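What follows are several structures.
Common to both upcoming complexes is chain A, partnered first by chain B, then by chain C.
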Partner chain A sequence: MEIKHESLKRCVLFTVEGRIDSSTAPDLQQKINGIIDQGNFKVVVDLRGVDFISSAGLWVLVNAQKKCKRFNRGEVVLSGVSQRVRDALNLAGFIPYFNIYDDTAKAVGSF
Partner chain B sequence: MRSIAFPGKFSSLDDIRDFYTEAAKEAELDKKSIYDVQLAVDEAASNIIDHAYEGEGKGEIECSYQVSPGKLEVVMRDQGKAFNPKTVKRPNLKANLNNRKQGGLGLHFMRSLMDSVEFTFNGQGGNVLRMVKTNKEPEEQSEQPTERQE
Partner chain C sequence: MQAGLTVQAARENLAVLRDFISARLRADGVPTSISDDVVQAVDEAACNIITHGYQSQPGSIRLELVCDGGTITARLTDQAPLFDPTQLPPAKKDRPPEERAAGGMGVLLMRAMVDSISYRVTDDGNNELTLQKRYQT
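Up next is the complex of A and B:
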């Protein structure tokens, strides 16, 4: 799994590639938390390059969402969600927790 | 039937998924079913490490399978603590974000993705997990256009 992040004007954009499972999820959690803990509560996670995500990976996204939405200070929005990732989010009942954009530019523009 | 014992570590998950991907292909499962198997065995192995062994590096996960055309039977054995699925709380899928509690999702995924999921505990023999996945009948595969072979 590869994680990149970029600070934009109004949000931080994470680009994740590869497989997010119990082995790689802690790394993603640590990187996202590191950015949130610096006071960045508006976050886009681009999942275009993710070809596998397990419940461990989905929890990273939900826990980040809980942190960002606290005190109404921001949110995590998702982009580039493949059918597989969407199916997993749906199976977990996590779809209502996120605004999901097909296009990363639109996701960034939502802030 | 093939059988491989993988170390009970999260770094084994890639290999375990690959092992069962080959098995699912051998069983001639369709693409969607192969992905369902990958996700179910990943969740199963993660649960074995987290709950039966209560951590990484405590024991092995013995993975085996049986195939027939359109059907895969997955068998995963461990020597960890007895696992009773009845003690796992079902996740509240309708909870709002703040009330959503972690846990129970792996088992929910396994049951949703596979046709059957069965746990037995054999004392000294440890836990045995059996999961079966079969191809759906073509008329049930409305979302899955079949690939045309040229």
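Up next is the complex of A and C:
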């Protein structure tokens, strides 16, 4: 799994590639938490390159959302969600907790 | 098709199990959407064995994969202390995440991805978890 992040004008954009399982999820959690703890509560996670996500990965996204939503207008939004990842989010009942955009530019523009 | 693989019970080996299943089912002509479901279910099951069964102590996991007449069977055997994941309460999907305890999600996904899950203790005293998924040939 590869994780990149970029600080934009109104949010931080994470680009994740590969597979998020219980082996790699802690790395993603650490990186996202590091950015949130620096005071960035508006986060886009581009999942275009993610073809597998396990329950451990879903919890990373949900925990990040919980952290960000504690702050005024803080939010994690998702983009580039494949059907596979969307199915996992749906089965877990997590779809209502995320704004999901097909296009990363639109996700960034939502802030 | 019948194939098997034994891995050390480590999270790093979940990818090995997933790749093995994907490759074997692809070679057998199983649709990707079906094999992806089996991959996800086995990943969650193996993760539970590592976390709850072996409690991250050393051990091994044996996977037997059979694809026959439109039924895929994935059987996981381990020597961890006896642990029946089918008795784990599934996550309460309808509750907001704030009210959910961590965990339980793996069981929920596992159950959703396959048609049946059964657990038994083998004659050798090992855990054996069997996941089955049917598909149109």
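The working rule: the second predicted complex is superposed on the first by the 109 of 111 C-alpha atoms of A that agree within 3 Å, B and C clash if a C-alpha of one lies under 4 Å from a C-alpha of the other, contacts with A are read in each partner's own complex, and residues count from 1 in each chain.
Rule of thumb we're sticking to: a residue touches a chain if its C-beta (ideal position, glycine included) is under 8 Å from a C-beta of that chain, and two chains touch if they have at least 3 such contacts.
Keep in mind that this is a model prediction, so the values were computed, not measured.
On the superposed chain A, the positions of chain B and chain C overlap enough to count as a clash. In the superposition on chain A, A:Ser22 contacts both chain B and chain C.
Of the two partner chains, both chain B and chain C are touched by A:Gly93. On chain A, the surface touched by chain B in one complex and the surface touched by chain C in the other have residues 19, 21-23, 52, 54-56, 58-59, 62, 65-66, 84, 88, 91-93, 97 in common. Contact residues on chain A toward chain C in their complex (touch as defined above): 19, 21-23, 52, 54-56, 58-59, 62, 65-66, 84, 88, 91-94, 97.
Chain A contributes residues 19, 21-23, 52, 54-56, 58-59, 62-63, 65-66, 69, 84, 88, 91-93, 97 to its touches with chain B in the complex.
Considering their complex, residues 10-11, 13-14, 17, 35, 38-39, 42-43, 46, 49-50, 91, 93-95, 97-98, 100, 102, 105-106, 108-109, 112-113 of chain B touch chain A. By the touch criterion given at the top, residues 11-12, 14-15, 18, 36, 39-40, 43-44, 47, 50-51, 91, 93-98, 102, 105-106, 108-109, 112-113 of chain C touch chain A in their complex.
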